[in-house]
């Protein structure tokens, strides 16, 4: 089965392993005429790049995106964009000691059960490095969305036990710290907590929140292609995600309907909601309020503390993982959550273009002005 | 775009509105040779049927499943199963007062924004009644899974503030109460709480947990078709779901890696894990432990208390919803969660059949014994 | 695998067997706001209905299409259309003598090899009766296409050895004879030829041609989703089709490039071609000229002459097929070719709506006028 | 829409333009454990490579395939194979004179109509060079098929008016001439004919035939995913194909059923057919006989004779195409037809693995022997 593609109208296909020569992504369904150069990828790749702070692996990767196809004279042509990211600093030797052992919290056993063997170098296809291709694709999706007035932004909501409550969110501070946490004070405390984790050879998790502004109402579909269903899939497709919430999420399960329903009001002549418990989606379609979603990230499974495990020959084994690992992957995953959200929202937006007969007749009119 | 289908190898397509003549589902990719009669659907449909307790709408529907195609002499033929469920007791007149108004917590505005107008009778396509088709499909998926030793079971974990902790789970009590809550004592308290909600015209939400036993390791895919990604999509595709967790879910975000990693051990000559924080999935593939997932269900949006809203002509409106509504949909959604889980797991299981060259050569051998 | 669906943006899923209670089709991706009633299907179903002439089976079917979902107050809602066609006059007993025998020219052996057994009544899922669901879907596709100025029309080009050359085509005569052959004189000769076939218990084949007028240039895709590739698939998915041509087809293989290339000229201020050897498609995309395609239909395999075959227990068998069969299926397949062409062209048309950034920005503008 | 992918269980996605830095293909659904090195691609790429004879463009391309992912220690891992082919000898300057002109027989106008502009260098995405990626993918598909006993082979059946009849087919001579025509004598005459074409600056077309041996009966699907429907799509997706036939193809339209039906007989204890008019497929599924299919290839549209056309500003223009072009593309397209056939047959074969409950239970047994 094909498992490395996602999306219907806007579809991305990623490929590549942590320690192969390169990783990449093919984007199909990119509308023609978008200005795009390799510089557009830099700020996004920068946010995911290793080595940016003391909380990320020291692996040195330039993470430059090369455009191999789909752009002509600075504009997308409408044909597939092929993006390539070379692997440079892969120390495969570091992994030889885990070739025959199943690392706890990793997919080693599952890979071996499914495929009969596995590329054990750096996690192979399961490596977080695969997400660099998603970030490159997300940069394109975000650029297209901005052209129609839609903005996507993600940030760290929690690191371990340090979680921001809504009144503590100061989005303008997001890029002021290496944790991408929109609150300098709490980011400082979370950093201290991470330092402690590192000292003991342990790791931490956290929560990422993402919001989408400017999305018109009615985007998404009422049944299986619900916008929230596809966002759920997109976020759970990120390796370490163990939970996803839309709007109030699990809290909504404990309150009454009278409290959870968002009343509609008129504001500035437009219909809007006076609260946003829904997180901007009801019945699978956007409701005109900002989209709010959260992903729970488990602690990095690679820890340097000794762990109990077994070998592939079913012998008990005391494992001590060497190599370079992030004590927390949350900060680097922020842009991945943003990318997957943008990809999903764009796909739904494009899918809406053929939802109504009056859209078709307007398109037919529009075509007449562009034909020969 | 097509939004009413889900699945790759095993694909279902639902259709129908709350107040049309019927609803149904087409199942494609059903393996040939499965014994199947209309009686197989009864226990599943019974669990979702309205009118089973004082907590469910009084709408009277027999919810009988008719097999229109795909079965010959009591066995599936391998061609599409078409299942039909007639609507019998639809009081469309009840809804005329909401034709021009957007009900808070419902998709009315979103539908109108997307399609230009909407079938307002009983929620139309957005009605919970659509899930009856999913339950019918789930009955088939569960029957196939049982043939290969895989069992799926869901139950109510929480109603409003009443949540079972792991030590309070007594799965054998699940069917002893109308809430499908595997703890008689707490179910009693939750029932009393719901009675209070009903008195005030309010509603409640809750949490449903689902587990899958007998799933071999290695089912699912490492990137976008991750088993948890597809489960996330499947559960979020159920109307009222606002959050989904796998294993420890959001709790995993707060603990350290040394606590969250599940050690591998040898037990009875097989590799297993001594804990199951992962909920049976790591890296998108099953790990041989039971699958554990949870869905947060928001409180029923239809409440009889007066609510602020607006009309489609942008006039403020005080809305009092009439008609018959469940004060809580959690109990009836239990079998829907189970169905969507079964459909997703089966799809992943079938997808695995072509994952290895030795599977192909074994199949080629097997074919020789069945050819002419 | 799911094999009963076709299309991306506009997707149909058919179900049903020749001798089950009913057949049907679910259409997903139907734009909202199209006027549609059951009467819209009548002229299309009439053209495929059995018993219309002495060249078609005497099976009496009203072939009435019931709309089970997706229409509200006379307009499509944008949610799945479910269409049902009941089977009425099925004489299953007629087929008991072929239950254990593989009929030459039929899929009996193939079905049994694939699924282990088969529904032998009337060909089961392989029956031409499955195409009634396609015709119903085609009626919807053609109605949508007409709203944007695109017309699809098919006719019989050849019956056995009687083939019309381009100068003999008089499209206005298509409906003047039971063969749907746009030339009364040759239709008369072809009818006499068919009478001879019937006398000897034999059958005949033929060729169907289809044209699409009003299609703008640029519809389709340059690589695998080429418009001609999807038309090829759509036509080969009709049971008896053994060959498909676009434009000059196989003749193009014998001529030189200087003869086959269509020169561009200016006519009435528009770019057009002075010839149409391409049949309206080059490089997978429409070129603004009428689409021309042809399907070769093999002779009906069910003949009453004695044939050599074997039983499923591998015993030689002299087979004489009873039951009611068309001596030629070409006339009834004309509307099926037209339907599959319309479905494919509409799907490609909708897919084009998101192909350019200026389409997106025009859509964004258009949305603003329809929002709340 | 995504248009550069094909296949369900085995899916390929191509990307790249004629004059970009590289072309490539991502293969998803490749079973794990297949031995694969870059040497496996050489014989296939060699057959499509330019510059092999005086009938092919002088463009010098090494057409080396680089494996960027999906192989570890010489075996496929089950994760996506990414294959890269660099462009080396692209003389983009040659094309500047056609930037503003629509070449007859090419997709220039269609591209511009669809996307608003086009990469005019060497045909961009519409270039025949795109097929090099397909050939690389086909090499993998053929290797997998051989492991289960299935062989695919294509050859030139006709060049212009020189067409081999069945008695003239000597498959062992296929590789003895630059035309891949399995008859040395007629290949000589066809070569002389091509020399004449070249002298006048004209071009020729032809017909390619492909056969598949060893395919068991029952592969394919009865409705839209018919094996012949997908083969039709696959072949029509090759740029210059204007017609496709299965078995007797268009000839079947002229004969009677008694002649066209293939009788079943017993041979060596197995059921087989005494003739193969069907070309190995009936009702969308293989019948155990060799698959026979044919594609009609139009003459190369790039000719050096002067042609009438228009500019994109709607001015009449006399066009003389420069640059390097094949006078006939048939010989180089032979391996492309073979590749697309192999890809399609493999996809159908894998799809069959989950068609029966007894396949599932056999797989479940097989899994037990490979688990931990």
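Letters are used for the chains, namely A, B, C and D, taken in the order the chains are written, and counting of residues starts over at 1 for each.
Keep this in mind: a residue touches a chain if its C-beta (ideal position, glycine included) is under 8 Å from a C-beta of that chain, and two chains touch if they have at least 3 such contacts.
For clarity, every value in this text was computed on a predicted model and none was experimentally measured.
**Q** Could you name all chains that are in contact with subunit A and with subunit D at the same time?
**A** Of all the chains present, those in contact with both subunit A and subunit D are B, C.
**Q** Upon optimal superposition of subunit A on subunit B over Cα atoms, what rotation angle is obtained, reported to the nearest 5 degrees?
**A** 180
**Q** Specify, for the interface formed by the sequence copies subunit B and subunit C, whether it is same or different in terms of residue numbers shared by both sides, with half as the dividing line.
**A** Here the answer is same, because the shared fraction of interface numbers exceeds one half.
**Q** Rounded to a whole Å, what is the gap between the Cα centroids of subunit A and subunit B?
**A** 26
**Q** Just how far, in Å, is the C-alpha centre of subunit C from the one of subunit B?
**A** That gives a centre separation of 37 Å.
**Q** Between subunit A and subunit C, what's the gap in Å when you average each chain's C-alpha atoms?
**A** Centre-to-centre distance between subunit A and subunit C: 43 Å.
**Q** Mind pulling the subunit C residues that touch 2 or more other chains?
**A** In subunit C, the residues touching two or more other chains are 1-5, 8-10, 14, 29, 32-33, 78-79, 109, 112-116, 125, 216-218, 222-223, 270-271, 288, 314, 354-356, 358, 370-372.
**Q** Quick check on the complex: what are the subunit A residues that touch subunit D?
**A** 1-5, 7-11, 13-17, 20-24, 26, 28-29, 32-33, 66, 68-70, 72, 75, 77-82, 109, 112-119, 121, 124-125, 312, 314, 370-372
**Q** For the complex, give me every residue of subunit D touching subunit C.
**A** Residue positions touching the partner: 1-6, 8-9, 14, 102, 104-107, 109-116, 125-126, 130, 158, 160-161, 197, 202-207, 216-226, 228-237, 239, 241-250, 252-266, 269-271, 274, 278-279, 282-288, 296-303, 305, 307-310, 314-316, 351-352, 354-356, 358.
**Q** If you look only at subunit D, which of its residues touch subunit B in the complex?
**A** Against subunit B, the touching part of subunit D is residues 8-10, 29, 31-34, 76, 78-79, 144, 147-149, 216-218, 222-223, 270-271, 288, 350, 353-364, 366-367, 370-372.
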